[in-house]
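Should a chain be cited, it is by its letter among A, B, C and D, assigned in written order, with residues numbered from 1 in that chain.
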Amino acid sequence: MLVKVTAQAIEPWNILAHYEQQHIQSEHTGAAAVFVGVMRKHNEGDEVKSMYLEHYPAMTEKFLQKLAQKTMQQWDINDVLIVHRVGQLFPDDPIVVVAIWSAHRAEAFTVCRELMEQLKTQAPFWKKEQLHNGEYRWIEKNTHGYIVNT
Amino acid sequence: MLVKVTAQAIEPWNILAHYEQQHIQSEHTGAAAVFVGVMRKHNEGDEVKSMYLEHYPAMTEKFLQKLAQKTMQQWDINDVLIVHRVGQLFPDDPIVVVAIWSAHRAEAFTVCRELMEQLKTQAPFWKKEQLHNGEYRWIEKNTHGYIVNT
Amino acid sequence: MRISIKFFASLREQLKMEDMDISVESVTTVHDLWQHVVKKEIPDNIMVAINQEYASMQSLVQDGDEIAFFPPVTGG
Amino acid sequence: MRISIKFFASLREQLKMEDMDISVESVTTVHDLWQHVVKKEIPDNIMVAINQEYASMQSLVQDGDEIAFFPPVTGG
């Protein structure tokens, strides 16, 4: 299990390659499902210059640790990885990596998505965008986690 | 779009790192969902020594190409990657990598899983296991794609 | 009793309130504490944590607690 | 007409049949072709492709076609 909140740039594929090499036992692992969230250059019709990701230092990593532990207990999976960026970000910077390893694909897919929804709705992070015109604004809500017919 | 069927060992995280660097435009991509299937050392209670992945050379890659194109047309996503191994494999060898890039997470998650289900049920590949005791057996069916309450 | 209070993100900016350590006597719930300190109605979507664990507006406040108020979270 | 036939995986081993090019006259559908060549009932779960595109047992066979029979696929 790896849970990390960091102000340094994250490289999702490197993190996964290293973690897997050191910690994933091939014996019973047949599937990995991964989600990577990346900062976009456009949001709600505006060009975004940078983003500040605020968190609650005493609580955020602790919350994610408990979420990862609960997830391990609740589901038939082999391992969980959560790495989340904080601080100053620029377009194209990865924000979060979540990975689930399990014996079969059904668990990996279901749990990776479920964990992301819990992270998005409960983990104490807040995004503030700086627009290209110099204005700042707080992101007020998340996009939908599931596809909505419009 | 990248679709590849290969008899050479695949390194999923390397493939993803390289592909993303060269082909993914940050402008409108906020999410990546990835699935990696790996050969397990145990299957149906037996220890597996190796596996031979047969395919239909004239059809398999063509089928995956059409599947990737159809997926791009049908959903609001930015890119698709499918790399699938064939030939002789050993435990711990990656079998398949599927990745979807999109603006938001809902599409990435939904489409990655949907594409894997179509690949598992329609792409012409067949697995033959060599057990530790020397016996050979064909895998007769897939595991469930969704979690089944038992 | 002594209580430590924290505000995060847009809530901190809207209220123009810094983190504070205060002494209170008559306060029993998180809701009371908010009223005592902020002196306005509490917005519907505000989340609260006591000692870094999620709590509700009806949760009881105890001596030494760290109470954090924040708007809906937007990580990931 | 000339037809090329392929069998894959466990089906090839069970039938002990190699890929073949044959000349047939009275065959019209994939099902006819199977009967003509294999001389047994076709198992329920067998899949068929004509010229590398999925087809059904009722699909018509034409001169020059490549017809492939195979068991349920198990990739991924």
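By definition in this document, a residue touches a chain if its C-beta (ideal position, glycine included) is under 8 Å from a C-beta of that chain, and two chains touch if they have at least 3 such contacts.
Everything numeric here is computed off the predicted structure, so don't read it as measured data.
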Minimal path length between chain A and chain C through chains that touch? 1
Could you find the chain whose CA centre sits the greatest distance from that of chain A? D
Just how far, in Å, is the C-alpha centre of chain D from the one of chain B? 27
Go ahead and note the Å separation of the Cα centroids belonging to chain A and chain B. 22
Between chain B and chain C, tell me the centre distance in angstrom, where each centre is the average of that chain's C-alpha atoms. 48
Using Cα averages as centroids, what's the distance between chain C and chain D in whole Å? 71
Please set out, as single numbers or ranges, the residues of chain C touching at least two other chains. 76
Going by residue number, chain A touches two or more other chains at 37, 105, 116
Return all touching chain pairs. A-B, A-C, B-D
Of all residues in chain B, which touch chain D in the complex? 37, 53-56, 58-59, 62-63, 84, 95-96, 116, 119-128, 138-142
Once bound in the complex, which stretches of chain C touch chain A? 6, 8-10, 13, 49, 52, 54, 66, 68, 70-76
Could you list, by residue number, the parts of chain B that touch chain A in their complex? 11-14, 16-17, 20, 26-42, 91-92, 103-110, 112-113, 116, 143-148
